[in-house]
Amino acid sequence: MSDSDRFEKGAEVMQKLLGRVPEEGAMQEDFRQITVKNLFGDIWTRPGLAVRDRSLITCAVLTALGREPQLRIHMKGALNVGISREEILEMMVHIAHYAGWPTAVNGTHVAEAVFKEIDEADG
Amino acid sequence: MSDSDRFEKGAEVMQKLLGRVPEEGAMQEDFRQITVKNLFGDIWTRPGLAVRDRSLITCAVLTALGREPQLRIHMKGALNVGISREEILEMMVHIAHYAGWPTAVNGTHVAEAVFKEIDEADG
Amino acid sequence: MSDSDRFEKGAEVMQKLLGRVPEEGAMQEDFRQITVKNLFGDIWTRPGLAVRDRSLITCAVLTALGREPQLRIHMKGALNVGISREEILEMMVHIAHYAGWPTAVNGTHVAEAVFKEIDEADG
Amino acid sequence: MSDSDRFEKGAEVMQKLLGRVPEEGAMQEDFRQITVKNLFGDIWTRPGLAVRDRSLITCAVLTALGREPQLRIHMKGALNVGISREEILEMMVHIAHYAGWPTAVNGTHVAEAVFKEIDEADG
Amino acid sequence: MSDSDRFEKGAEVMQKLLGRVPEEGAMQEDFRQITVKNLFGDIWTRPGLAVRDRSLITCAVLTALGREPQLRIHMKGALNVGISREEILEMMVHIAHYAGWPTAVNGTHVAEAVFKEIDEADG
Amino acid sequence: MSDSDRFEKGAEVMQKLLGRVPEEGAMQEDFRQITVKNLFGDIWTRPGLAVRDRSLITCAVLTALGREPQLRIHMKGALNVGISREEILEMMVHIAHYAGWPTAVNGTHVAEAVFKEIDEADG
């Protein structure tokens, strides 16, 4: 597959999942290219694991590792691919026991902020 | 709910997911009670998130945090609740990008060992 | 023990340690219930380890893992159960060597902010 | 304080806590010197936090971070400075909730191995 | 070496690397002394590894562990000892694969903030 | 660049750095392809950061995160690209202060095992 095909494929899944593709200038250009091509173009589009499941485990890993800025972005993605608010909150209760209470409390706060932002945007 | 009801409920989900309930003496008794009652009885049985999804995110978190002895146990659980070998291996490729290559390489090795053990037991 | 007994027991230790029990609406309701009942009602009240020691190791773990919002809360708890400011600051110097300088520098900043807040509230 | 005084001071606390001082050749010589002088000589001997409390938080941090070879060494130290087996096991139940179940299960296994080793040495 | 020699030696490397030595009152006094004497005086001045290499690996470790306040300080240090902006950004692309994308995205944001601050100060 | 060009490019850098390219069957095939093509072919060959520096920061990150099986492989790589044994051991002393003593002690043990293995192979 050519580089531009990989980029296009990655941009498509980013648009569908996250609602946007980072524009030129949004981040260091090479890292942007690699993110769109390698991470989204090559990996997220692979068969073998449903996009919903990829979204679920991405949120779980980001919660457990305490990567809150990225969790915020991927929680919106989770909602976009059909994971419910209830499932997201329940995931936090579950992860509390495998990665410790604080990661899950922080994840719950991220979820509450994301839900509020969406509700306010919806008027 | 009474303490013995909580234990029974937890033992049931452990049996179904992991194929066994830790016997008295298998680990420090109080921790065993809390594991069966609080973690499996109270948490794993909650509605709001399917057992398959709980299993998926448990494996994802254990991989990302490098908890290999527990990953081994929960990978068998994942197979028991209908997650395929292909999905488990693909989860590793995915997590490589969110928690780093080494966690995923280690997770793949755990998966290969689990699959082999099952195949050998099946003769 | 009944669910309401577990809640009451947990609320009592939270009040004594942290000076407050999270009210309904303060966080997702199920997680609040589980936090009060399972974490504080079942665990913090157990014999075998003094509350002071539980507080000490909780602060140590939160420092080492970089969970600063929770560290802030539990440092106040530490002071409430008789751990001195000097002991808290010295804990940071010690942990620097087991979890790395940055975790301890961040923990020291949290301590300084907590001490200042208390001093200002005391007028 | 001179370098040899710092070494001697560190060796003394290592002997008392861990029952031994690493001999020349036991590890890379510079790192051995820095460990005895800086970590044990300068830090463990400081006032402001009791040796028992230093031992307790060291074990807690090592458990939470999953540093099992060091946890094994420091658990023996904990027993040497008067922390009981019951307290060590209870610490694990507590930490399960702040750093996740797997860290505490692994810590419990380390404790059981240490207790067994001591019992066997005692005949 | 005397304590005041160790302090002076540490202060010198801090000045050269980070452009400043923390003044009395900037942080808890004992921790400040230990930081200047043990970490900078004893360690950073050791032969065996060039200061540029120490700076490079310090930034790498801080990125991988998500210690952003310290990364900000040490990135300025990296530029001071001759590591280029291009090398810093490329380090982030590389680390994305060993510690996960989020650590590297956060590190890139820190780098962009540091570069901007320097450019603005340079007018 | 075509997929086979990316593979070839990655295989070349793996051969030079690590002395081998994982053969078909050595690990799950898709992950092997992605490792050779994306990680080594796309990333390790990029300009902007010397291979020696990539090797240095890879070892540093693996040490800090406690990824010992991978550290073992990349330490051999470090020696292959001209990093000395002294530099590797000194890196451990340095990292002890940023990621905690245990990570560095474990890294030192890995180094000692690697050096011994090489010396024995050299007869």
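Letters A, B, C, D, E and F name the chains as they come in the text, with residue numbers starting at 1 for each one.
We adopt the following convention: a contact is a pair of C-beta atoms (placed from the backbone, for glycine too) under 8 Å apart; a residue touches a chain by one contact, two chains touch by 3 or more.
All values derive from a computational prediction rather than experimental measurement.
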_Neighbouring chains shared between chain D and chain E, ordered by label_ = A, B, C, F
*Would you kindly tell me how far, in whole Å, the mean C-alpha position of chain D lies from that of chain A?*
40
*Separation of chain D from chain F, taking each centre as the mean of its C-alpha atoms, in whole Å*: 31
*In whole angstrom, what separates the CA-based centres of chain C and chain D?*
23
*On chain F, where are the residues touching two or more other chains?*
30, 34, 39, 43, 46, 48, 62, 64-67, 89-90, 93, 96-102
_What's the contact topology between the chains, one of line, ring, star, complete, other?_
complete
_Contact set on chain F toward chain B in their complex_ = 27-28, 30-31, 34-35, 39, 62, 65-67, 69-70
*Quick one: which bits of chain C touch chain D in the complex? Just the residue numbers, please.*
39, 43-44, 46, 48-49, 53-54, 56-58, 60-65, 67, 86-87, 89-91, 93-95, 97-99
*Complex interface listing, chain A residues touching chain F*: 1, 3, 30, 34, 38, 42-43, 46, 48
*Which residues, counting only chain C, touch chain F once they are in their complex?*
64, 96-102
_chain D residues touching chain B - in the complex, by the definition given at the top_ = 66, 89-90, 92-93, 96, 100-106, 108, 111-112
